[in-house]
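Below: a set of structures, written as C-alpha cells.
Next come two complexes built around chain A: one with chain B, the other with chain C.
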Partner chain A sequence: MNRLSQLGVIVLVLGAWQVAAATGQLGAVPTPLVVAGAVLGLVLDGSGWGPLAETLASWFISLLLAVVIGVIIGFPLGVSRVTYRMSVVTLDFLRTIPALVFVPLVVLLYGAGLQSTILLAFFGAVWAMVMQTIYGARDLDPVARDTFRSFGVRRWDTVTRLLLPTALPYMATGVRLAAAICLLISISAQIVIPAGGFGEQIVVHQLSGALPEMFAYIVLCGVLGMAIDSTFRWFERSVLAWHPSHRKVSS
Partner chain B sequence: MTQRITRFLLPAIVPALLVALWWMASAGSTSIFFPPLAKIWQRFHELWIFDLVGEHVVSSLNSVLIGLGISIVLGVGLGIVLGLNDAIATAVGPLLQFMRYLPAVAMLPLAIQLMGIGPDMRVLIVVLGALWPVLLNTVDGVRGVHPALVDVAKSNRLRPIDWVVRVVVPSASPQIFAGIRASLAVSVILMFASELMGASQGIGYFILETQRQFSLPEMWSGMILLGVIGYLLNVILLLVERFALDWHRESRS
Partner chain C sequence: MQSISTPILEADGIGKSFGDNQVLSDVTFSVAKGQFVCIVGPSGTGKTTLLRALSGLGPANSGEVRVNGRVVVQPPAELAVVFQDYSRSLMPWMKVGKNVELPLRRLGLSREERRKRVEQALRDVDLGHAEELYPWQMSGGMQQRAAIARSLAYRPEILIMDEPFASVDAQTRADLEDLMLDIRDRLGVSIVLVTHDIEEAVYLGDKVIVLSGRPASVAASVEIPLGTGRDQIETKSRPAYLELRAEIHRMIMRKSDTVAPQRAPR
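So, the complex of A and B:
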C-alpha cells in the first residue's frame, strides 16, 4: 500500500511534467521521456562513465582526507574539557565559512582540476567530522571511565575498549554527513569552476543547448547522492548493529 | 571570578593566536597569492567600512534573507501539513528525498536559462536548496509529537487549530530550528555560488572580479567579509533560537 502510493506520486509528478513540457508550458525544458532517453544514451554509449569517474574520484579522495584529518584533530580536542573549550569558538567560526568561497583562490593556485575540487570539498567536509568526533569523545560515561581507571586498565585497552566504542556511532554519523558534503561541494565546484566530472558536463551541455543531456546529468547527480547516502546508512546500521542506538529497532 | 574570566578568555586564545600567526607569517610575504594580512586589513577598512556595503553586501544579504524567509514559510507550512497526514507524508517521501539530493548548484545553469541573470534567479536558487532541511525537519518534528499529548488533546476535545498552534508547533520547534540552521548554511553557499555564475553585484561577484584582475588583497578582504557575515548570521539565528526556545530548556531542567 505504501509502495503503491509512493509510486503513484512519482508517476503523477512525472506525468504532470510530461504534459506541461509537451504542451510547451515550460519553455525549453524537455519532457521526462526525452530526459530518460538521454540518461539511457549516456549509459549505453559510455560517454557518462568518464565524468562519473572524475566526480567519484574527487568525492572519494576528499572524503578520505576529511575523515582521517577530522579524527586526528577531533579526538584530542574532545578528550579534554580545556582543549574543547579553547577550540569551540574557533571551530564554530571555521565551519560557517562556505567552502566555495575559496574557489577563486584555488583556481589561481591549482587551476581547474581534480586538486582544486578535492581541496574545496575537503574544507567543506572536515568540520562535520571534527565536530562529530568531539561529540563522540565527550560522550564518555564517567562511571565507566572511573571504573577503567580504578582497575588500572592499560592505556591502549582504555582507548580500544572504551573510547572507540563510545565515539564510533558519532563518527559514523560524521562520515555519512561528510560523504554528503563532499559530493555536494565536488559537484558544485565542478559547475562553478568548471572542473570536470558531472558538474562540468551540466555547464557544457547548457552552453551548447543540449538540454536533454544537461537534465540527464542533473538527474544523475541526484541519483548519485541518494545512492551514496543509502549506502552509508546501510553500512552504519550493519557495522553498529551492536550499539544501543541501533538496537532499539524492535521496540 | 577567575572562573568567569577563564570562561571568556579560554575560547578567545586560539583565534587570537591564529590571527597573530597569520599576521606575522605573512608580514614580509612577497607571494601575490598570500599578501600580508596588514595589507588585506587596510583594504578591508577602505572598501567595506562602508563604501561598497550598499552595492554588494545589501544585494547578497537580500538573496540570503528573502530566500531563507521563503524557505522557512514554505518548509514549516508544508511540513506541518505533511507531518499531520501520515499517508501523504509516506507517499511523497521518496520524491522529497530525491529533491533533497539534487544539488541546487546543478540547477544554476537551468535557472539562468529560464529566468536570466538577476536577483529573482538567485532567490529561486537559494529556495531550491534551503527548503529541504526545514521541510524534512518539520515533518520529523511534527510526527514526533509525544503520543501522550495526542491522547490528552483528544480527551479534552481540543479544537484542531489549537492543537496545531499550541501543541504541535511548540513541541516540534526544537527540530524546526535545527532545520533552519542547516538551511541557513545552505543559503549562504547558494547565494555565493549564484553570484559567481549570474550576477553583476554581490560579495561573490566582487570576489570573482577582483580575482580576475589579480587584486589579491581585495579578494582576500571579500573572502574575510563573507566568512564574518556567515558567522554573524549564524550567531543571530542562535540568539533567536535561544530566545524562542527558552521555555523548552526550562521545562527540561
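So, the complex of A and C:
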C-alpha cells in the first residue's frame, strides 16, 4: 500500500511533467520521455560511464578523508569536556563556511581537476563527521563507564567495547550525512569549476544546447544520490541492530 | 563463623559531600575475609554513595578506604561491583555471554578457561540458555542475574552488591540469596551487600550495618551469630533470627524518628 502510493505520486508527477512539456508550458524543458531516452543513450553508448567514474571517485575519496579525519579530530574533542569547550566556537565558525567559497583558492592551487573537487567536498563534509563523533563520544553512559572502570578493563578493550560502540550510532549518522554532502559538493564543484564528472557534463551540454542530455545527467545525479543514501541507511541498520532505534525484538 | 582476622576491607571515617549536601559522615566499619556484610538504610541515605567510595569509583572527601591494607584511590583489582542500575551496566551491543566475559579478558586466561567460567557463572544464576541473547531481549530480573553472573565469573576477593535482588521474584530471590551464601562458603569471597530488606540482611549477613541519619553514619553494627549452613525456612524460624530482625527494625525506627523528621518511603 505504502509502496503503491509512493509509486502513484511518481507517476503523477511524471505525467504532469509530460503533459506540461508536451504542450510547451515549460519552454525549452524536454518531456520526461525524451529525457529517459537520453539517459538510456548515455548508458548504452557508454558515454555516461566516464563522468560517473569521475564523480564517484571525487565522492568516495572525499568521503573517506572526511570520515577518517573527522573521527581523528572529533573523538579526542568529545571525550574530554575541556577540549570540547575550548574548540566549540572554532568548530561552529568553520562548519558554517560554505565549501564552495574556496573554489577560487583550490583552483589556483590545484587546477581544475579531481584534487580540487575532493578538497572542496572534504571541507564541506568533515564537520558533519567531527560533530557527530563528538556527540557520540559525549554520550557515554556513566554507569557503563563505571562498570568498565570497576573491572579495570584494559584501555584497548575500553576503546573497542565501550567508546566506539557508544559513538557508533552517531558516527553512522555522520557518515550518512557526509556521504550526501560529499556528493552534493563534488557535483556542484564540477559544475562551477568545471572539473569533470556529471557536473561538467551538465555544463557542457547546456552550452551546446543539448538539453535532453543535460537533463539526463541531472536525473543521473538524483539516482546516484538516492542509491548512496539508501545504501548507507541499509548499512546503518545492519551495523546497529542492537541500537534502540533498530531493534527488532525488545522487552 | 568466620574468624575475625585482619580485615580485607576497611572503611575508616568516610565522609562525602556533593557541594553543600553532606551525605556521609565518619562511616567506619570493616569486612573480614569471607565475611558477609549487609548494609541497610532508608532510600536516599547514601548507601550507593558509600559503595562508590568503597570501590574507588567515587572517592570520599575525608577518611580512607583500605583493601588488603592498601589505600584505595582507584578501583582495586580484587574487587567487583554489581551496580544498582544493572540494566545500564550491561552493554546493549554485546550478547550476554560477551558481557559476562568482559572482565575476564585482562586476567590472562585461555579462551577455554574464559568460556568455562562464563558458562559456569551463567548456569549458577540459571541463565544457561541466555548466553546468545542481548541484554535488551531479557526481562529486568534476567538482566540483574546476568550482571551478577558477570561479577561471579570474575571471581573477586570482594564482591560489592547494590540491591542486587531488587527486581526478581520471591523464589528467584531466595535462590540467589542461597547462591551468594554458597559462593561465599565455597570460594571465601567477602561480600558487601546493600539491601532495603531487613529480613534479607539478617538472613545473609554475618554482620548488619545500619546506616542512618543526615548526614548518614553507622547507627549500629550488629553481629549475626547464626552460623553457616543457613536455610530459608529453618533459619528464618529460629528465635535468634526473629530476635535480631526485630532488634534491627527497632533501631531503624528509633533512628528515623529522632534523626530524620520525614520518614523515608520504604
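To be clear about the criterion, the second predicted complex is superposed on the first by the 247 of 251 C-alpha atoms of A that agree within 3 Å, B and C clash if a C-alpha of one lies under 4 Å from a C-alpha of the other, contacts with A are read in each partner's own complex, and residues count from 1 in each chain.
The definition used in the following text is that contacts are C-beta pairs under 8 Å (C-beta built on N, C-alpha and C of every residue); 3 or more make two chains touch, one makes a residue touch a chain.
On a predicted model such as this, the values are computed, not experimentally measured, just so you know.
S.K.: After aligning the two structures on chain A, examine chain B and chain C and state clash or fit.
M.R.: With chain A aligned, chain B clears chain C, so fit.
S.K.: Look at A:143 in the shared chain and tell me whether it touches chain B only, chain C only, both, or neither; answer first, second, both or neither.
M.R.: second
S.K.: In the superposed arrangement, does A:103 touch chain B (first), chain C (second), both or neither?
M.R.: Only chain B; A:103 stays clear of chain C.
S.K.: Taking the superposition on A as described, I'd like to know which of chain B and chain C A:82 touches: first, second, both or neither.
M.R.: So A:82 only meets chain B here.
S.K.: I want to verify the contact counts: of chain B and chain C, which reaches more residues of chain A?
M.R.: Between chain B and chain C, B touches the greater number of residues in chain A.
S.K.: For A:243, decide between first (touching chain B), second (touching chain C), both and neither.
M.R.: The second partner, chain C, only.
S.K.: On the A-aligned overlay, A:165 touches which partner chain: chain B = first, chain C = second, or both, or neither?
M.R.: Only chain C is touched by A:165; chain B is not.
S.K.: With both complexes overlaid on chain A, does A:157 touch chain B (first), chain C (second), both or neither?
M.R.: So A:157 only meets chain C here.
S.K.: After the superposition, what is the least C-alpha distance between chain B and chain C in whole angstrom?
M.R.: 15
S.K.: Any idea which chain C residues touch chain A in the complex?
M.R.: Against chain A, chain C makes touches at 52, 55-57, 74-75, 77, 79-81, 83, 85, 88-89, 91-94, 102-103, 105-106, 134, 136-139, 154.
S.K.: Give every residue of chain B touching chain A within the complex, in rising order.
M.R.: Listed in rising order, the residues of chain B that touch chain A are 7, 10-15, 18, 33, 87, 90-95, 97-99, 101-103, 105-110, 112-114, 185, 188-189, 192-193, 196-197, 207-208, 210-211, 219, 223, 226-227, 230-231, 234.
S.K.: Using the touch definition from the top, list the residues of chain A that touch chain B in their complex.
M.R.: On the chain A side, the touching residues are 2, 5-6, 8-10, 13, 27-29, 82, 85-90, 92-93, 96-105, 107-109, 183-184, 187-188, 191-192, 198-199, 202-203, 206, 211, 214-215, 217-218, 221-226, 229.
S.K.: Okay, in this complex, where on chain A does chain C touch?
M.R.: 141, 143-144, 146-154, 157, 161-162, 165, 168, 242-244, 247, 249-251
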